[in-house]
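Two complexes, one shared chain (chain A), two partners (chain B, chain C).
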Partner chain A sequence: MNIIIPIKQVPETSNVKMDKEKGTMIRDGVQTVINPLDLYALETGIQLKEKFGGKITVISMGPPSATKALKEAIAMGCDDAVLLSDKKFAGSDTWATSYTISQSIKEMGDYDLIIAGERATDGDTGQVGPGIAAWLDLPLATYVSKIEKVDETELVVERLVEEGYQKLQMPMPALLTVVKEISHPRLPTLRGKKKARVSEIPIFTAEKMNLKPESLGLNGSPTKVVKIDFPTVTRGGTVVKVEGETGVEEAVDKLLDFLKRKELI
Partner chain B sequence: MKYNPVTKEILDELKSILGEKNVFADEEKMEAYSHDETDAKVYGHMPEVVVTPVSTEQVAEVVKLANREMIPVTPRGAGSGLSGGAIPIYGGILLSVEKMNKVVELDYANMLFVAESGIITNEVNELVKEKGLFFAGYPMSLETCYLGGNIAENAGGGKAIKYGVTGRHIMGVELVTPTGEIVELGGKLAKDVTGYDLKQLIVGSEGTLGIVTKATVKLTGLPTAKSNLLVLFKTPKDAIDVVPEIMAGGLIPTGIEFMDRLSVQTACEYLNETLPYEDCGAMLLIEMDGTDQDEVELDAEKIGDMCMENRAIEVYVADNYTTQERIWSVRRNIAEAFKVTSPVQVIEDIVVPISAIPDLIPELEKISKKYDVQVPCYGHAGDGNIHAHLVKNPDSTMEHWHEIEPKALRELYAATNKLGGKISGEHGIGLKRKVYMKELISPVELELMKAIKRAWDPNNIMNPGKIFDLEDR
Partner chain C sequence: MNELWTIAEQKNGKLKSVSFELLSRGRKLADEMNAKLCSVLIGGPMKDETLQELFHRGADMAYVVEDERLEDFIVETHSNVLTDLIETYKPHTILAAATTSGRTMMPYVAIKVNTGLTADCTELAIEEGTNHLLQTRPAIGGNIMATIKTPNHSPQMATVRPKSSRPLPENTSRSGEILRVKLKEELVDARVKVLGIRKDEEEFANIEEADVIVSGGKGMKKEENFGMLRDLASHFNAVIGASRDAVDRGWATYPHQVGLSGKTVSPKLYICAGVSGSIQHLAGIKTAEHIVAINSDPDANIFQVADFGIVGDLFEVIPALNKKLEMEKGGAPDEI
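== the complex of A and B ==
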């Protein structure tokens, strides 16, 4: 089974600082990692490969430094990687990104399955996976939490939907976006890391893929960012201060009154 | 030892020294000062009064008063100790340094800082981070513990192999002696053999020789690059056998943490984590740090290779924050996880020569079988400091537990002693282990310790009943 997994390199988000004036994230000194939700796609792919054999190719679109994320995917157990990198891709929205990635998948030829993460933790749209399926005219299942059955021509998956689960039978090739419930990502191994170190990662440019220039990058993106606004925090909270010798009792009474008024106790 | 009670007059005198708000004696407020991280039901004891001085002079006045009136004084930091060292077992005055928490000086020209002893150790690191520096001698409980407590216990922790324990970074202390004198020991000097090295005597003295009010502490260049390895082995022996190989290889890791299967499994179940522990008997978590990420990763790979050549089943690599947090959180949550499975347990931190750890493991297994207790074993393999818990079988009765606990502990300590080890590597003797220390230490060494105590504290008012009982012969 040949599997393609598109991944994204994102800033590590445990300690994000924002530039309040520009409304953008301060990227200086911030580590980049594989989008945490893509790890579930990688694990799902690797498990399928372990069961059915075949090959996994990882794709990422981004600056040359995104090679690091691709190498980490190889260290986890993927076979090959491709980086889509070109100044012309800069500023792509989800439409242009999914167009560019889908064209590179066409270039690569045969595949049975494309597995993507549910969404990226930075952009948070969840549109690129479905976008690729649309460009490639593939059957799509989003929010997949379980792959129940796979054979040569079709697969049965469970989708996590608001009311519960939805079971879908679909022909292959297909595209799945997966949620956390599907697997527990493995850690990269030393053997994998050594393999990754010597792996050559080809870079696909706009020219190489024969792309329509009007569909690329910022200019090819129908989404225009007009303004970035910070949400105002409307819940202020009430602080009950303890003052003086009898303060604790008074403060506790105030708190009890408050909770009673809100009918919480 | 006969001490005098804290009377109304004494309370008034304390208030006149410290002001009303720094003296309190109501039970409810004092309860928090009656125990540390050891079992409060077993070791806890109420003070008669709690004082929170704000200056060295106030500390000195309080101690002078206590020494004159024969009232015991128990110094206290954040209360995160694991040996009962800060528990006022004779009542008396509990002196908390919580309000003495200022940085006195950041002296970058000499790569050091001076701070009061009640500062949270981690806060110093936040302050000096922008200069690319850190205090390298901090223990695992870094987000809560105070500098004064670190010094009193000579705390260790997960980075000790490369950076050493707290004592290695303490250049000087300001001390209030048990008779209420203020003295500076050591200072900003890199070398100093002018008489006995008394500051190092204070390091690890568990508050029995005085109260540290300020300390001069060395700073170290902050590593900016990190790589971790999680190495799986078939047996604990295989895992431990690699450690001396690594240490002799010339690349010094920041830490080598050992976790047996029981520890990993319990922590993983607690965290809903899925590290592949099924086929392994033990894991090593090895951390390398430095200033160049590529270089650090290559060094880590060399150590990984060494492990593979020495019977490792698999080596996992964590080069970024996400994966590093995943594996470290397993290590950090072991103690917490066992509290959930069985809240009754004793946490021991025996230390043996590194090469003796493999021989210790079968001894732990014997104790586990004989007394029907779980003995998860994990800790700082790189320096031989192993955390062996005795965890009560949840199905057994408390009576049974109280009966077997001292017996099992004695066997654990005897086994440690036989291997050339000691009963505490970093948690201290305090209240909890003094009976056992007495049984194993050389009488000559114990008498020397007592002689020092008598010389420093003639009335035995400074944290009495810790490490040893002065009066028993």
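== the complex of A and C ==
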């Protein structure tokens, strides 16, 4: 089974800096990691490969420094990696991102399954996975929490939805986005790290992929960020300390007063 | 006249409350730009009487595509139907709820109709002069609010965070036109089949739609102690939430996890006990209307965001709180 896993490199902390003019993230000088929710996709893919054979190709679209994320994925057990990198891709929204990634997947061909993360912890839209499925016209299952059955042409999965777990049967090739419940990501092995160190990661540019220039990057993106605000985190609420014998009663009374005042009970 | 569409959701012939939340947002926006507010329902068979509530809650019109084969959400078919409606009736704006189906169908459709989509918005406005939709959404774990617009593409599309607005009060004197559109055979995509739905628990809790959530963290110490949280929850008709540490210890199941790798919630009231308030947990609760925290550590981060905090031992505070609530209900404490 051949599997493609798109992964995004994201800033490690939540203290991200923004370019207020362009509405894009300033990535310089920030520690980066594989999007934590993509680790579940990677683990799912690696387990499928262990069972059924085949190979896993990871793709990331980003600056040249995103090779670090791709190497980490190889260290976990993925086989190949491709970096989509070009100044022309900068500032892509989810429409342009899913277009660019889907074109690279077309270019590579020969795959049975694409597994994406549920969402990236920075942009946080969860739109790229479904977007890729739409561009490639693939059957799509989002929020997958379990792969119940796989055979040559078909899979049965469970999706975590509002009412419970919805069971779907779908043909391959297909695209899944997965949630945390699906797997426990493994750590890179020593052997994997060695392999990653010597791996050459090919770079796909806009020209190499035969992309429509008007569909790329900031200019090709239908959505534009027009304003960024930093909401204040602190709410400055009331804090009551429990001290002494009567403390608990008093604190609880004050809480009930608060709830009544706000009409919450 | 321009049309503003909101996507209604249904289950077994009943409309879900997100349908009405969207109409309350839509009403305000439609009035601002002088547009017709239309509710779009793609689902199983619906009675005319049931659909009246869409009008009572603000809609001027309803597009209904109903068929047994549309009862369960299947992204390919539902997206084909919505895409076809968009191409036929050319709405100005489409809002859907940021539910599992909304967040799946809308990005799929946005590609098919070649327009932008803003995710999980908490505020929407109309730009004067252009009538562009100004879409504001939290990103980067709720640390920033980005305002986004789609200036050169149509329709304007956004998903809206559930519970970020309240339905309008029901006005039974309002009415509207129901336009039933027949499901075209060629739009049915038979590749994916729904085999069923499984519920682990008797009451499968959907924390994203809950008005009140009572959450426990590692400070709860063990699974049995979630019993007192359930008692507390019963007073508010609340559902149980949990931190990742509590879920990883098996005290609650994953669908209850709140935070970065779990669910983002916007209840009216979020009560948490024994939760420290890590960045990742806070990412899930920043848009809660009121936050109440109980924690023995006065320096716990959760107090930074709490509207009301009690510094104390949760094993004293929660039983005392439960007792008081029991008494307030009027009955004797041992009535239940």
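Basically, the second predicted complex is superposed on the first by the 215 of 265 C-alpha atoms of A that agree within 3 Å, B and C clash if a C-alpha of one lies under 4 Å from a C-alpha of the other, contacts with A are read in each partner's own complex, and residues count from 1 in each chain.
Criterion: contacts are C-beta pairs under 8 Å (C-beta built on N, C-alpha and C of every residue); 3 or more make two chains touch, one makes a residue touch a chain.
Just so you know, these numbers come straight off a predicted model, no measurement behind them.
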Partner chain in contact with A:P188 - chain B first, chain C second, else both or neither: first
Partner chain(s) touched by A:D112 [first = chain B, second = chain C, both, neither]: neither
Touched chain A residues, chain B compared with chain C: C
Which of chain B and chain C A:T121 touches, first, second, both or neither: second
Contacts of A:G247 with chain B and chain C, given as first, second, both or neither: second
Partner chain(s) touched by A:E12 [first = chain B, second = chain C, both, neither]: first
Touching partner for A:V33 - first (chain B), second (chain C), both, neither: first
Chain B versus chain C as contact partner of A:A75, first or second or both or neither: first
Contacts of A:K167 with chain B and chain C, given as first, second, both or neither: second
Overlapping contact positions on chain A, where the chain C interface meets the chain B interface: 14, 36
In the complex, chain B residues that touch chain A: 229-230, 273-276, 301, 304-305, 308, 314-323, 325-327
Complex interface listing, chain A residues touching chain C: 13-16, 18, 23, 36-37, 93-95, 98-99, 121-131, 133-135, 139-143, 145, 156, 158-171, 179-181, 221-231, 233-235, 237-242, 247-249, 251-256, 258-259, 262, 264-265
Of all residues in chain C, those that touch chain A in their complex: 11, 72-73, 75-76, 79, 99-101, 103-104, 106-112, 114-120, 134, 138-153, 191-200, 204, 206, 208-209, 212, 235-236, 254-255, 257, 260-262, 268-269, 279, 282-283, 286, 290-292, 298, 303-313, 316-317, 320-321, 324-325, 328
Complex contact set, residues of chain A against chain B: 12, 14, 31, 33, 36, 72, 75, 184, 186-194
